[in-house]
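By letter and in written order, the chains are A, B and C; residue numbering begins at 1 in each of them.
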Amino acid sequence: MTAAFLILATLTVAGTAAAMGLRNAVHCVLALTVGFAGVAALYLQLDAQFVGFTQVMVYVGAVAILAVFAIMMTHSPTPVPLPAYSRHWLAGSIVAAAVFAVLAWAIRAGSTSAPCLPPQPGISVQQIGDALMHRYVLPLEIMGLLLTAALIGAVVIAMDRKEESK
Amino acid sequence: MFGDGILKGLAETARNFFGSYRSKNRLTTIQYPEERLPQIEAARSFPFLVYDGADWQQGMRCVACQICEKECPPKCILIKKSADKKPDATGKLQAYPAVFDIDISVCMSCQICVEVCPFDAIKMDVDYDLPTADRFAGLLLDKQKLSKSNQYYHQIHPTEAAAVDAALAAERAAAAAKAKAAADAAAAKAAAPAPAPQVQPAGGEPR
Amino acid sequence: MTQTLDQIFVIAKAWLLGYLPVAARPLASAVLCVIAIVITFPLLFAITTWLERKGLGRIQNRLGPNRTGPFGLFQPIADAIKSLTKEDIVPLTADHAVHFLAPLLLVAAAFLAYAVLPVGRNMVLVNLNAGVLFFFAVGSVVELSVFMAGWSSRSKYSLLGAMRAIAQMISYEVPLVLATVAVIMQAGSLSTVDIVNQQATYTHTLPHWFVFTPWGFVGFVLFMIAATAESNRSPFDLPEGESEIIAGYYIEYSGFKFALFFLGEYLGMFATSGMAITLFLGGWAAPFSFLTWIPSYVWFFLKLLALIGFFIWIRGTLPRLRMDQLMNLAWEFVLPMALLNMLVAGVWHFMPHGLLRWLVCTAIVAIPCILLAAGLKRKKKFQVRTYQFAE
């Protein structure tokens, strides 16, 4: 429970809470981006450099941009003022409390089985690369296939619209 | 060759860059206000009043006929005719403008006042260095500021000024010759006493 | 003696840190390095604005600024005073919080990128194991700030400019990273210090820079094209083209915030140039082994100035690319060439040394390059427009 962890955890929780609480959709995405950055900083604090920088590059650099593009393309230009809190707050709080209880129980049950692990040596990028190419090559290839399918699907969708508008 | 367009372009700009330090052709900037481009003779900025001789009030050619005031499209000229008369260059008594104002913030340099003036009194100046801190009174030129000598007119528009001077001299010579012929005829008439009624020729001659 | 001159800043920092207690030394060391970066690169920014205006002027057959100080050398100071004293106008319907934060985020991201550039021997702010990845991660934050600037102004032109800018930046980020992958493959490490150390060796006075190999040369060219597009510089400056969209996503900014955008853009240009120097041009290493007596940081800044001069030269030469031409160039030329470059780097690594290696690798990049370029020049068949109501 170092000071760095407390600060970063507060930042992440505040960012994601703001992402749920703010009215303006783009503000929500920007607050979520702060949450992403907080998670990346937590990875860095755990000495996982590769994962931390990849988190910034992928989430802040690409996913956040994707989210704001989506909001901008679909939302109306004048933001409709919605009430900040939903009418069904009681049911929502019960569900949130239940999910929190399940997660807390799962983490506690998992951590008591192997308490206080000895500090691991730092994982280098070379080791990650070796693991990806030897042990986890099948998930890597499946992921590549999935991304290719997504790219082709995007191109097909874009092409269809161009032919319709002719 | 692949990529030769970009390479040729880069070579050209490099030639421009290094050439601008060596030859004046490549660097054509005139550093105003220390250097100025020479003006052509037909340049014009705003009108001015011409005066002959040394005294600007005595030698002013303008007789306040007010044609330029009427013809000016944006109506930037204000003329008030004087009550008395003064002799002009040929000795004839003419009126003169008591007030002659041109507002150069309105003037559009169209030169119509110059074209319609029958007395070659108003001509176009070439001076564009007219900055002032007061944008209303500073840009309203009165009679004194507008009067510039015939020598100045010769400086800025030499061929035009020479042509105007030649035309004016020819007119004065013709007028003098006519006056002399009329004086001779009057003297001959006074010398010959035969009172035979004769039809007098029409006296008025077109100028 | 040359060794001392080379390490003068390191020695000075160690001497300064000697006055502090041991517990405060890491933090103080970082703070000193940060101060050095914050002073050096904005100063370089001021010099670059002067160079650009004079250089572009001479290329365009005119003098640049020459009234403020001798040869206009005080022009950056005049520009700074002007931008500081201008009125800060924010549109009435703009989103004030986001409008304020966008230039800050841009400048912060641009400054962060300098943390992994080795400016001289033993002169890097932090030697990260994944330094190159950190650099590109920080570079991708710039796109978010561009979006924030464009969207918060609530103006059609700024939004349009932001869209174009983000599309361009994302399209060119892929070839940028792929051109780097070839270097990483060869160097075997993501750390910038390791990459430079590998290039700092000599064989018979000739250096081992990566740009002197086929894959390194092609990678360098592709990296420079992508870097020009990433910093929105001519000929890729359609998002901020002054004659088209009048400053694009930062139209509604005035005064100091505009100066911050300008600063952030130029800092990004320096950072990507610095990364190009680190990856391909040997970082702080001298070009010939008999020139190593000149300090390492001098070499780095000389190379940086050379690249900046090249950027200015290109700006004065090439016309602006249209948006569709820009995108076609990215996806149909630069990206396939970057992928081929990776293949060539692998072939280079596994083939035995010699002339055959050079010929094979050069053939693998040259032939597709010419074919792809011919494909780009192919004339598009445009439809004949039929007007319905104009008869």
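Everything that follows uses one rule, which is that a contact is a pair of C-beta atoms (placed from the backbone, for glycine too) under 8 Å apart; a residue touches a chain by one contact, two chains touch by 3 or more.
Keep in mind that this is a model prediction, so the values were computed, not measured.
In terms of C-beta pairs in contact, the better-connected of the chain pairs B-C and A-C is A-C. Taking the mean of all protein C-alpha atoms as the reference point, the chain centroid lying nearest to it belongs to C. Chain B has its Cα centroid 81 Å from the Cα centroid of chain A. Rounded to whole angstrom units, the spacing between the C-alpha centres of chain B and chain C is 62. Chain A and chain C have Cα centroids separated by 29 Å. Contacts from chain A toward chain C in the complex involve residues 24, 26-27, 30, 33, 49-50, 53-54, 56-57, 60-62, 64-65, 68-69, 72, 122, 124-126. Considering their complex, residues 95, 97-98, 128-130, 133-134, 136-141, 143-144, 147-148, 151, 159, 166, 170, 173, 188, 190 of chain C touch chain A. Across the interface of their complex, chain C is touched by residues 2-3, 6, 9-10, 12-14, 16-17, 20-21, 26-29, 31 of chain B. By the touch criterion given at the top, residues 55, 58-63, 66, 313-314, 316-318, 369-370, 373 of chain C touch chain B in their complex.
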